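Here's the structure, in structure tokens; my notes come after.
In this document, chain identifiers A, B, C and D correspond to the written order of the chains, with residue numbering beginning at 1 in each.
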Amino acid sequence: MQVSMGVAVAGATGYAGGELLRLLLAHPEIEIGSVTANASAGRRLGELQPHLVPLADRVVAPTSAETLAGHDVVFLALPHGASAQVAEQLGSDSVIIDCGADFRLTDPAAWQQFYGSEHAGSWPYGLPELPGQREKLAGARRIAVPGCYPTTATLALLPAVTAGLTTADDVVIVAASGPSGAGKSLKPHLLGAELMGSASAYGVGGVHRHTPEIAQNLAHCGAAAPVISFTPVLVPMSRGILATCTTPLSDPSLTTDQAYQAYADAYADEPFVHLLPSGQWPQTQATLGANTVHVQVAVDQAAGRLIAVAALDNLTKGTAGGAVQCMNIALGLPEATGLPLVGVAP
Amino acid sequence: MQVSMGVAVAGATGYAGGELLRLLLAHPEIEIGSVTANASAGRRLGELQPHLVPLADRVVAPTSAETLAGHDVVFLALPHGASAQVAEQLGSDSVIIDCGADFRLTDPAAWQQFYGSEHAGSWPYGLPELPGQREKLAGARRIAVPGCYPTTATLALLPAVTAGLTTADDVVIVAASGPSGAGKSLKPHLLGAELMGSASAYGVGGVHRHTPEIAQNLAHCGAAAPVISFTPVLVPMSRGILATCTTPLSDPSLTTDQAYQAYADAYADEPFVHLLPSGQWPQTQATLGANTVHVQVAVDQAAGRLIAVAALDNLTKGTAGGAVQCMNIALGLPEATGLPLVGVAP
Amino acid sequence: MQVSMGVAVAGATGYAGGELLRLLLAHPEIEIGSVTANASAGRRLGELQPHLVPLADRVVAPTSAETLAGHDVVFLALPHGASAQVAEQLGSDSVIIDCGADFRLTDPAAWQQFYGSEHAGSWPYGLPELPGQREKLAGARRIAVPGCYPTTATLALLPAVTAGLTTADDVVIVAASGPSGAGKSLKPHLLGAELMGSASAYGVGGVHRHTPEIAQNLAHCGAAAPVISFTPVLVPMSRGILATCTTPLSDPSLTTDQAYQAYADAYADEPFVHLLPSGQWPQTQATLGANTVHVQVAVDQAAGRLIAVAALDNLTKGTAGGAVQCMNIALGLPEATGLPLVGVAP
Amino acid sequence: MQVSMGVAVAGATGYAGGELLRLLLAHPEIEIGSVTANASAGRRLGELQPHLVPLADRVVAPTSAETLAGHDVVFLALPHGASAQVAEQLGSDSVIIDCGADFRLTDPAAWQQFYGSEHAGSWPYGLPELPGQREKLAGARRIAVPGCYPTTATLALLPAVTAGLTTADDVVIVAASGPSGAGKSLKPHLLGAELMGSASAYGVGGVHRHTPEIAQNLAHCGAAAPVISFTPVLVPMSRGILATCTTPLSDPSLTTDQAYQAYADAYADEPFVHLLPSGQWPQTQATLGANTVHVQVAVDQAAGRLIAVAALDNLTKGTAGGAVQCMNIALGLPEATGLPLVGVAP
């Protein structure tokens, strides 16, 4: 490819938008076009995203069909419900990659139950590690980037499901997360004074919107009727998700070594999934700013459960990095182009 | 009571020992006698525990039968294995309250499996909220203070078990914790640079030593054969545990309201267990430095599970506060004497 | 005193209001009357301040002359500018203790310059450690509680000024602080994701409103014409201020030992100022939730400066604890009544 | 350049060594050769630096003349005192870049006073932004990388000194820092439980070893007799330094606009120094993992001082990034090769 692709980012002043721009700045085949937002239109990006030094003097444009038109790729990093509207107005000449939820679920009833609004439809689901999914994303013109928790939990459990180590009919997931996943929202419980030094659960009892998305993914992996109990926990770090996922054993005599081998086989060729050395457990720090997922697995025969833990950066592999990975696949670029493999630790 | 009780603290320079002294300083019926440690004997406490201003000039004595003798109560805040030795040397004239693990488990086989050493025996278990346990602690001369995770998880699940809402035969517990529970140990993974901005699981796969203790407690509550999958997660806060506990429903049609009512009934008279208003979820910050446990419950019928979340301060209700609560009961003092109900938040 | 004093707290849902209630709950001579706020009137306090367990069922009243009337003491924890209005409406039968800035400065020009509004006047200044100030607070009916930075910096420098070790004509103060001092304000830079893992200066260049208040205090201590360069720095902790204060030496041959002795003399009888053992430096953690200030001093002869460092909890000694201390003095109670000396550490 | 340069890293298991490897992995002209350490020799790097995924299977070699020989460039990330020994044993065919202190100071007396040992000599000082220094580093075979505080403070003050805005004869610097600068040392005060939620000063009173290095740099910039009061403050974040630097005005009528212009002029062509838009103050988060320094300046005429604030990542621009920048210059590569300009925020 000799000519750079022009890329626009809608929602450029939020956390996901900022992370998209961070990654796109390091991408060798991309030229950043419009950066748009609504409330902050007209301000310089340097005031709002001071880490994006090379874009400091860019002026934020309003998010509209006009400002987003004419780009090879348009990333949408908008609140739930806003993407569908914008997408409608954009022609078919742009690849649209939506970091929001609007087009993730294939089941209208699940959408209706968890989001309480009309289902906008579904787009190719941007988790290339799902069986057969990489092929569907090649050449795609519309992509729905997964939620950050579903990416983490799915990649923790995928080999267990595809290898038949579990029926996934009583999966329990508890995921610790930093607040950047909630975006730059001015809500009291997201204030620093509330969060620092504190852990708290939210969306408890099967009501979190990422629950049906995780089930959809495990079904995609071959689970006949996945049942998910999912609880997110806010903890005091800006970024990062650590998902502890337990699922019943199909065979009560399964050993940790056997499970580890299944994971090693499943992920042998995945560029961004890193199975840690046996016995070493993931820490989110090791994935900070990288597009990697660190995974480990153990079997607890006494409990009859397999426990898989995955760590990732919710803004990178969990959102913007995953989105760029999808863009690479959609455009026929090498999948890892421009994406960091090494976290910023400690 | 007109005469103060003399109290010694062994292990006074560690985190649990420091918390014991913080609470004892506010206790109206207590006089602090010997404060002992090994490596730091001879130093002034003010150098090692600068927050304990009124004790700044106390000189740390070595931990020995001599320095601990002659007190009405002796608290042991020592590494695993050390308590049994010290306890043997102390006569029966002191009440001994052990914050370590040595005397918690009643089953020698469980001890052997998880601790790998000879079982020292078992003492009355210091969780007064367990059915019938308060009575056993009254007048006790030896008390084994529970582990911090078992206190959290047990109090999260107790009403569900005693009310028969669950059989507890497939309990999954994931608990986020600050590192102070690991003590002042010089281990690389406890360094601030490693912990800040990071979440990590440890002791995964059914190997954490608190697992059999949780099972023992749920059995005490009436579970026929409790099965526990327990995973602890280190998160970046000094203190605090947030345990997310899920357990299968006995009756698939149980509602959240019914579960809430069972919890309200079970904890109506407990001074330190605070069932939050319906729909409000615990945050560890609200319990910081207090002897309280904040609890909430929900039913996820789709998942067939009850989810209970409990938050506490691992050094207060999770260790030292629980120990003082036991002391009060053992000595016939009002149970809440000297114990804070209000956390330091935000 | 046999009859409890009735106390109202206006602004009870904010951070300073919550801390006042935490301390008042532990105060043996007080009964908590009205708890008021504006936006949250009608809600239960337990939803807004979950750590205040004993007050969980209290309903928040609107802040008005009616709800605040009839109390022996009224604490105002309101935004700048609001206190003067409320105070006017309250009769002289209540002691009013204002945690806001309205009545702190005695110089109308300084007020005008830094706050840009009409000067409301000045009330007795609530820093009992200032020379002669304790006497002025005894029996006072109106008290202006100092700002959190002025309390920290003044107590760091007071002995140096009163003992003539410095002329204080080129004082440089840099103070690290947690964000709770900014209150529960919904501002982007106070979001957890922005603050965690980050340090940032603000109010730089002599514009922070606490600057003239520090100068006023040092003048009170005897400095002829104090000149202050003050820079606050936000750091990732909920609570706490650590002020590093440097000031030119009057005598270039002053030694650290001499300075230490002056500090020891000045603070020998102060109940809440704790001069650390020589060579040990303050950490905010040791003061968390306590009404204490930890102080240490050194002389840097090569730089011609004395460096004093003070740590405190901005919500306790820095605001609400200082306010209760003043109340005790004003009412003739022992000054330390109900106030913790021991921080919650680690 | 068509052939990659072979690079060895001594001290590869520490924080500075890990950061060197992170940056070198992204460097297009480099091949990573030996990675060495002492205590951990023989272990796989993946166990010790889990974020360095592409190097996970590398075995750590012992640090010795043999393992380090034969590389074009050798980075030393060793404890103080160790570098001189190793450097002696290496021939002149390798460029040696020392991240330690051994060769930073030119004045043997200053070395003796602050480090208490024999002066090993001085190497070209690796701060290319110093006047004339870039030229001295071109082609250099030995380079002493500056300390992290000196880099921060020097770049904060450089334009003020070179433009004559200050005489720098009474500079006061207070710098907030995360603990990763102290390395992976097992010291009690570096434990997470001690650091989280706490700020503390250390090395107070002119004794910190970076003090003479800052003075040396300001002298290099033209200050006749710089006098420095420097106090470092540990705050709860893994990485980052925020230095607040104040210095007396040469001309009392200097305005902030004039100072800003001097800074803009001085840094117009510096690739890694980013002067923020007027009125916007640095936050360390915006530099996380980047080789950038963010700077802002204000004049406080009332205090007679210029205040400059600089933020950087102590492990990147403050150590390893600065080292790679020097390597680029020494080897004749474009100075910014492989070095990130964009921080990982929030």
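We take it that a contact is a pair of C-beta atoms (placed from the backbone, for glycine too) under 8 Å apart; a residue touches a chain by one contact, two chains touch by 3 or more.
Since the structure is predicted, the reported quantities are computational estimates derived from the model, not experimental observations.
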Furthest chain, CA centroid comparison against chain A: C
Pair of chains joined by more contacts [C-beta pairs], C-D or B-C: C-D
Between chain C and chain A, distance of the C-alpha-averaged centres to the nearest whole Å: 44
Separation of chain C from chain D, taking each centre as the mean of its C-alpha atoms, in whole Å: 37
For chain D, residues that touch 2 or more chains besides their own: 15, 180, 191, 193-194, 196-197, 236-239, 282-283, 285-286, 288, 345-346
Interface residues, chain D side, partner chain B - complex: 15, 178-180, 184, 186-188, 190-197, 236-239
Touching residues (chain side chain C, partner chain D) in the complex: 170, 172, 174, 176, 191, 193-194, 196-202, 204-206, 227-229, 231, 233, 235-240, 242, 244, 246, 248, 256, 281-286, 288, 296, 298-305, 307, 309, 311, 345-346
Parts of chain B lying in touch with chain C, wherever the complex brings them together: 15, 18, 22, 25-26, 44, 46-47, 49-54, 56, 180, 196-197, 238-239, 274, 276-277, 280, 282-283, 285-290, 292, 294, 340-346
